[in-house]
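The same chain A turns up in both complexes below, where it pairs with chain B and then with chain C.
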Partner chain A sequence: MSVQSPAPERVAPQGAPRAPRRVGFSQRLSRWDVKLSPYLYISPFFILFAITGLFPLIYTAYVSVHQWSLLGGQGDYIGFQNFTDIFAQPAFWRSLRNTFSIFLLSSVPQVLVAIVIAALLDQNLRAKTFWRMGVLLPYVVAPVAVGLIFGRMFADQSGLINGALGFFGIDPIRWHVDALASHVAIASMVNFRWTGYNALIFLAAMQAVPRELYEAAIIDGAGRVRQFFSITIPQIRATIIFVVLTSTIGGLQIFDEPRVFDEAGRGGSSQQWMTTTLYLYDVGWGTQRNLGRAAAVAWVLFLIVVVIGFVNFAITNRISTSGADRTTTRTRRQRRAAARSSRRSA
Partner chain B sequence: MRKTTRRTWALAAGVMSISLLATACSNDSGSSTGGGDDKGDGKITLTVATFNDFGYTDELLAEYTEANPNVTVKQTRAAKSEDARTNLTTKLAAGGSGLADVEAIEVDWLPELVQSADAFADLTDPAVEGRWEDWKAKAATTADGKLIGYGTDIGPEGICYRADLFDAAGIPSDRESVKEFLGGDSATWDTYFAAGREFKAKSPDVAWFDSASSIYQGMVNQLTNAYEENDGTPKPLADNADVKKLYEDTLNASADLSAHLGQWSGDWDAAFQSNGFATMLCPAWMTGPIEERAGGITGWDVADVFPGGGGNWGGSYLTVPSTGKNVDEAKKLAEWLTSPETQIKAFLNAGTFPSQVEAWDSEDLKAAKNDFFNDAPVGEIFAKRAAAIDVTPFKGPNYFQIHQTVGDALNRVDIDKSESIEQGWTSAVQAYDNLGL
Partner chain C sequence: MSSVPTTRQTAGAGAARAAARRSSRKVGGYDRRPGALTYVLLGAAVLIGLGPLYYTLLLGSSDPIAIAQSSLPQLFPDASLFDNFSKVISSDAFDFWKAFGNSLFIALVASATTVLFSTLAGFSFAKLSFKGRRPLLVFVIATMAVPTQLGVIPLYIIMAKIGWIGSLQAVIVPALVTAFGVFWMTQYLEEALPFELIEAARVDGASMFRTFWSIAMPAARPAAAMLALFTFVTQWTNFFWPSIVLNQSNPTLPVAVRLLQANYFVDYSLVMAGVFLITLPLIILFIFAGRQLVAGIMAGAVKG
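On to the complex of A and B.
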């Protein structure tokens, strides 16, 4: 470090090109501190993501172009053979059909009902915390436990639900045989667990909506329903997008519920409720034990989730924006600006 | 120049933190390698990984320490065999680190494990020669004669039946009469089905057996080469006349005899409380699940008879992964745990029926009774059923894939009723073709 002491610098011949570049180490350190520290502070997340998220993602792509058995490990490079293999399996396409059907049956009603529940919780209720915690209660139950209990309730011959239907003279529904019936049963488990959770997220967003908007709307003579559609929905747009995206991602990856819906966990004897994740598991860890193909399924599913995610983002964005356009609600800044200009003109 | 330095530093910091994380991870897994610990002074700890209940109580394992003071035995028990299997295959695929010194496995995993036999120590030993019937040891032996597992228990099959339902139908219900009713020592599947039709005629509301697939399971375990040739080549399902005949026989019988309840399903569980069916194929370990579900029902009993001779369903082995630190000591422990004497104690603890031939003559085993099954002498009955097993079904690497295609078809016809017998077979053949074997 003695090199950096000022004395020899002064003796240095004039015009030496490096002289002005000599900076004290502590000074240099503090410059790094300013420039580098922010990145270091956020780096743990990205490092962890790189290890636990990005690396598996890329490695899965690597596995998907190889022959790869669960125990035998890596085999030959085979290009896109694994992809063409899974596209040739009817079970794969059936799993896609099931995934979309269960996704639509779960996510759509879930988000709609969650918004309504949140709007109701947002009213002046007695014992608010009790009701709010109440809707979250199903979320505490582990998905597998939900699956086991619902599996019993939806049992074809001895189930509670068919018993109740019989009481009203309706023929028992074959929950474990009909594709659509099994999808409804599985979607009901998902909805049971997630509706309350989403409702609380919506509730948090709704409470951040400025109350003056409602007061102004009441003065303008808007009813509850009109307030809900013209103020609440547009104001919580960002949250709706968030919930729609997360439930899309979750909905396309449903695994636990169909896995425990029957004793075999393979999605039924004609793959009535085998979702794509279940198919992936069956290919990789079931009887085929083919990790190469399983990795190919994983990548196809990943791409599908990304595409559907974007589509949903676009749709949600449009619906909510058009909602905002129709009403003339403004942000606080716009309102203030409007007030200022009106004062000025007065 | 300046910019480069800054970038270099950022890079260095990044690389540092990644490598720190990486070493942190590798340290962790490094310390757990091998399972057992060497504590110096010759004292070692051996770990045994089992699932469900092997009957290895702390007292039983302490006996080994008594005889071998330098060895302490620790057991880790998985609740379900699937969990144990996932754990085993994951760690095998990762090169064997973190496995226990002795790993318990189920017979159904063997076709796969035999293929990676290098991961296991060769357990061939003159001391265990003739300890098991041929078929039990053969399943755990590789093509070049390496023995990778010592047999613990087996599942010799008898017939469990509801004496009270037999009484209600006016059919003699004691064990000897039922044995004769089902065909006696020369019982075949036809005599079993014929007995079922007679029972149904007198008691139309009660099914004869639970499901087609469980009957088929019993039948297919009596074929030497059900789905594959001895070298592992799969037999095309479309031309597999043996399997097709069993498939059709089962489904023709189940049309009027089956309760159409998939084994282990919720409806199946409930049927134990609602007189769902009168008989069941009953490997020795099945007495446990029946008792669990049929609490409060009196009348279950076991008959010393099985259609088509003997049959085995399930059973386990102890293996010694070759990556362990104390392979030799682990081998000794596995040898002791699977000795006839120890296995009888395990049987008395947990009902795991011994696979060791010598154990079948033991007085302790013969004296074993099951009070839930009307005090049936289960030890004696299953020992006789075990002696009747004479087929070694070949189960190669593709066995369970192919078995599943037929099993799914059986369930579609028998339980879902979504396909006819012929349609079911056609789609099974289709599913077989999709396997791309």
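On to the complex of A and C.
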């Protein structure tokens, strides 16, 4: 804690007198060093965030109430015209539908499967590290690459998935034509990349559950399934909330995978899989070249992400809390860990 | 003397040892080895992860006619994969080596600055006392939940004003430091760096920065390595913002591979060869550093 206390006085050795002014100066310097350094060290983040994060978000509101073309730049103030314009475009509403559909198809199965994989990994496995690395591998494949690979696997003609379906006598599915089918295909790309990653987060949470809880449950005669639902799930609820929240924030802004799902990159011939971020891109830099309207889209999407984030938090919190009441009181370490991770997700 | 009793004897001893081990364990035997089903399921999960990459290799060594005719043109990759690689590298659509260099440069610079600035901020938040420390830290954490990607339009307008469209600064500058990095290093240094060490350095007359550089930096090394890895992967795979500010003449690899798709969609074997080429560096990185990635995620990493 010496950091807070005044800098230690230096005793100048006798016979080697220093100019008093210089000592005073270096002491003052040292005091400034102690006082200012903390702010100096955190300033890069705050300056950068202000310029590239906060200011653009706020300025988006300003752009959204102006005429603003990609090439011509700022035009007149037009009030909410950009908003009414995008609300009048069917593509906007379709993009919202697609975004939510893809989001639900990716996040729900993803969290469930990740928990199951984590439970499988949370055993006394042979070659632990191998299995953990194995499920994480897809994480290093770029979303664009995943999109291109899966775009081909889900090809309507001679795609791998349709080939496999045909093997079982199922008619080929038109993945690039039907809206829901395309959503399933794109959601599977997201799931491919993130399930293993989230499984490792859940695994870490599961390993923090005190083993005594399981021993007590076994004595009480609880089977493995009962242990899983009555101990594991309630104990890792803070982590579940955290994962659901981060996948909400990311999932609602999905762009890369739908962008490369076909060659045109415009979300399909009738916008079957055009997500809202893809629509934003199309309005701003694609067909309309209208940054004012694109800013309106960005603001609407921003509000949606924030609102859904809160709703998700409330729902997940309630679901997992109702289970927690039945279990034994948590240890102090547990409570602290839970508090830490809920703080993290806040 | 015959082998039969000996065998029985060995089996008996082994069984006895196993039984002793079993009974010495806690009640339910939470640390007993899992059954075959666990390995089968995990094996399936790993195969689902590997399958698409293998399929990429297959299509990458195929040709457009075979791909159009069959969903599984061949069962093993072959030498034409390398022909397709060299076609991608010498493609007219973009300069492959330039894109590779750009991706590498951006990812390396962003990793280095993120580690430096995050460790500086983390040192300050974790170990120095100053007014507003707590609320400022809460602010940093809160920004992680803000979808800043949605500020792209003004960011683009700014970049256009200062003439950075098409140049790498436009991608690097917003990636210089992240809220996650600051939070991550703060958490780590809180536990890994004893106050006594800082105190000792201060008593010895080290300046704040000297204390940071010779005491905090070395202590932060394990977490810094993980942060560098995650930043590298995030930047290498980044697409949305680069695809807006960079263009055909100066792309990163993900932007380039999209150009490949738009230009060569008739020849999917080339596109797939390109996809594999841009993925390969991270797979190599994963082979060497996958262990650290796993440890980093389990220590509380979040999505970048």
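We adopt the following convention: the second predicted complex is superposed on the first by the 279 of 346 C-alpha atoms of A that agree within 3 Å, B and C clash if a C-alpha of one lies under 4 Å from a C-alpha of the other, contacts with A are read in each partner's own complex, and residues count from 1 in each chain.
The criterion applied here is as follows: a residue touches a chain if its C-beta (ideal position, glycine included) is under 8 Å from a C-beta of that chain, and two chains touch if they have at least 3 such contacts.
These numbers were taken from a predicted model, which means no experiment stands behind them.
Legend: residue contacts after superposition of the two complexes on their common chain; A:289 is shown touching chain B, with no touch to chain C. Legend: residue contacts after superposition of the two complexes on their common chain; A:238 is shown touching neither chain B nor chain C.
Residue contacts after overlaying the shared chain place A:158 against chain B and chain C alike.
When both complexes are overlaid on chain A, the residue A:89 reaches chain B alone and has no touch with chain C. By the document's definition of touching, of the two partners only chain C reaches A:38; chain B does not.
By the document's definition of touching, of the two partners only chain B reaches A:72; chain C does not. Counting the residues of chain A that each partner touches, chain B and chain C differ, and the larger count belongs to C.
Touch criterion met: A:263 reaches chain B and chain C at once. Of the two partner chains, chain C is the only one that A:250 touches; chain B does not reach it.
Overlap of the chain B and chain C interfaces on chain A: residues 35, 39, 44, 48, 152, 155, 157-159, 263, 285.
Here chain B touches chain A in the complex through residues 6, 9-10, 13-14, 17-18, 21, 86, 89, 92-93, 112-113, 115-116, 261-268, 270-271, 274, 400-401, 404, 407-409, 411-412, 415-419, 427, 434-436, going by the rule given at the top.
Chain contact summary for the complex, chain C toward chain A: residues 26-28, 30-34, 38-39, 41-42, 45-46, 48-50, 52-53, 55-56, 59, 67-72, 117-118, 120-121, 123-125, 127-130, 133, 136, 140-143, 145-158, 173-174, 176-177, 179, 182-183, 195, 198-199, 202-203, 205, 207-209, 212, 233, 236-237, 239-240, 243-244, 253-254, 257-258, 261-262, 265, 268, 271-272, 275, 278-279, 282-283, 285-286, 290-291, 293-294, 297-303.
Those residues of chain A that touch chain C in the shared complex are 1-4, 7-8, 10, 30, 33-35, 37-39, 41-42, 44-46, 48-49, 52-53, 55-57, 59-60, 62-63, 117, 120-121, 123-126, 129, 131-146, 148-150, 152-153, 155, 157-160, 162-164, 192, 194, 196-197, 200-201, 203-204, 207, 211, 214-215, 218-219, 242, 245-247, 249-250, 252-253, 255-256, 259-260, 263, 265, 277, 280-281, 284-285, 291, 294-295, 298-299, 301-302, 305-306, 309, 341, 343-346.
The part of chain A that touches chain B in the complex is made up of residues 32, 35-36, 39-40, 43-44, 47-48, 50-51, 70-73, 85, 88-91, 151-152, 155-159, 174, 176-177, 262-264, 266, 268-270, 285, 287-289.
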